[in-house]
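You will see chain A twice below: alongside chain B first, and alongside chain C after that.
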Partner chain A sequence: MEEKVKSFIEQILIDNGEEDCLKNYSLNANLKDDLGLDSFSLALLTVQIEDEFDIDVFDNGYIPKTVGDIISQL
Partner chain B sequence: MIDFLDITEEDLETIRTWRTSQPVTRYQYTDPNISEQDQIKWFDNIKKDTTSIYKIIRYKNKQKIGLVSFTEIDELNRRCVWGFYIGDEAARARGLGAVSTYFILNYVFENLKMNKILAEVLAFNKEALKLNHKFGFHQEAHYRQHRFKYGEFHDSYGFALLKSDWIKNKSYFEKIFSNGRKS
Partner chain C sequence: MLFYREGSFTKTYDQFIKDLHIDPVGSKNYIEIVNIFKSIVPSGLNIFTIEDLVEYITNYSDALNIRFKTSGTTGEPKFITQIVKNLIRHFKKTKNDLVWGFCYSPHHIAGIQVLFQIVLNKNTLIYLFNKDFKSVENDIFSNRVTNISCTPTFMKMLLPYLNREYKLNKVTFGGERLNNYIVDSLKERVPGIEIRNVYASTEAGSILASDGELFYIPETLKNLVKINDGEICIHHSLLGSFENYFEWFKTGDFVDYITPDKFRIVARESEIINTGGYRVSLGKVEEVLLEQKEVKDCVVYTRDSSVLGKIICVKVVTDSDLKGIKSIIKKLSSLKQYEKPQYIEIVQKLDLTETGKVKRV
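Up next is the complex of A and B:
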């Protein structure tokens, strides 16, 4: 599960030309501040996770801030 | 996934809360103190204004998340100026600004039948600059020291997207954000 989420994030960062941010990857990595995910990237990540796991990680107003926050919802 | 609603009087307080919240005002040209009376006056004015359209942005048919404006609507040249904000914090966090942009562009070119859409973005609004580039907007202007905010002058950029640009690019976004998704 975590590997899948990591692969989504990796691909998004590669597509954005921001591979450098991959070195910051960890469960505690902040999605915006550490991984540099912008609005478009977060939208893409959310859609990909929903497609893969059929779970909306932002459901019920929850706001995941880190990779670990996302994993905890899956 | 996203649709647009007419503003009603019941929305005015929500809009006032959004518009005066720091995450929204920091990228607007002004940081206004808006009273309830000001808000009612604003609503009366936009209802009479035939060159502007304001809509509430709604997510998944249930959650009102922000506001979009189309102003300076020029029917002859089929162009207008647009702006939007996502007032809801959770919606901002999940990137619904980007998702909304896709639906707004479809709306402006397909429903409003515009040929060109224009926007001005403050130079320090890095997120909006990236979003404009991502959606294929062309930078057509660089306005030096154009806006006075937070005690200093700031540059801004003029962006524009043509309908023909959008037709070329939209299939990419359609695959990601299309209406057929779990909405």
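Up next is the complex of A and C:
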């Protein structure tokens, strides 16, 4: 599960030309500050996760701040 | 002159449809066309010749109703009833030796309007709707088709097959926004072709016409059609039996003025979305993408997003791969960052509605 989420984040960072941020990846990595994901990238990530796991990790007002926060929702 | 007689209804229509040169008697296409005319002619009233039918429709058009479906471009199709008079408002008397390529579903407004244009002029009808495009090209060539009325999407799919000399004189577009690149490609493949672009609304039928993507409001409609806050509004008197409680009906179609009196239709209200607080016209995004040579075809649509409200998505028909398309979109300087599709899919072909328009869902 985590591997899949990691692969989504990796691909988004590559597409954004921000491969450098990959070195900051960990379960505690802050999605915005450490991985550089802006709101458009986060929206794409949530759609991809929803397609894969049928869960909207931002649902019900919950705002995941770290990779670990996302994993805990799945 | 009209005749009243029992029992010969079907036989009459067999002859009538033969006159139209449509598919064989009893075929699915034949029955569809017959049923449309049966639905507007009261039972017990027999029409024996095409002249009778033309006379009947012309004389009683303000009392005849026809029921049809909306296209369902952005949702499920719904039924609507319209007065025939409104559907033939822009009827043009032409020579009776024209051969029409019929490219619409006969159950929707555009197809019904073209059908009336053909029948009232006693022209020949070649049924091209729902056929593969290689056959469509062959039918246009072998039947010496002179006129076609179709959606830009239909023409976009037909264009790659047009590589012979045709009798084609005129193409009328309707149903979707017409992009200049379709006009240019068609003129290149069929030199001398006359192009007409019609703006119609399901609620009122044909409203405006032009020879390209720019429209203007003619003098005769100045009191019946107006642009209010960029939106095309139609006077209720043009709406037939469509329920409307206000003097002006808002079409949901928005325009941009290019000159003081000419405008282009830029988007339907449903195509303008809000993503992260920014308003985006999906039609504009699509137009920019279609200008890229790697993009053979595309449709831009949205999905709900708990982060942005809406996320912009695109399905692309291309020979390139996902990485290549992502790279092209990323480099596009004519789109702002928030206008660029985030979710990108490569597909073999786009889904179409029953009327042959690209489905934006």
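Throughout what follows, the second predicted complex is superposed on the first by the 74 of 74 C-alpha atoms of A that agree within 3 Å, B and C clash if a C-alpha of one lies under 4 Å from a C-alpha of the other, contacts with A are read in each partner's own complex, and residues count from 1 in each chain.
Simple rule for what comes next: contacts are C-beta pairs under 8 Å (C-beta built on N, C-alpha and C of every residue); 3 or more make two chains touch, one makes a residue touch a chain.
Because the structure is a prediction, the values reported are computed rather than measured.
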item: First, second, both or neither for A:Asp15, with chain B first and chain C second; value: second
item: Which of chain B and chain C A:Asp33 touches, first, second, both or neither; value: neither
item: First (chain B), second (chain C), both or neither touched by A:Leu44; value: both
item: Intersection of chain A interface sets (partners chain B, chain C); value: 39-44, 46-47, 58
item: Contacting residues of chain B [partner chain A, same complex]; value: 89-90, 92-99, 127, 130-131, 134, 176-177, 181-182
item: In the complex, chain A residues that touch chain C; value: 15, 17, 39-44, 46-48, 56, 58-59
item: Footprint of chain B on chain A - complex, ascending; value: 38-47, 50, 58, 61-65
item: Complex contacts: residues of chain C adjacent to chain A; value: 276, 303, 305-308, 311, 313, 326, 330, 337-338, 342-343
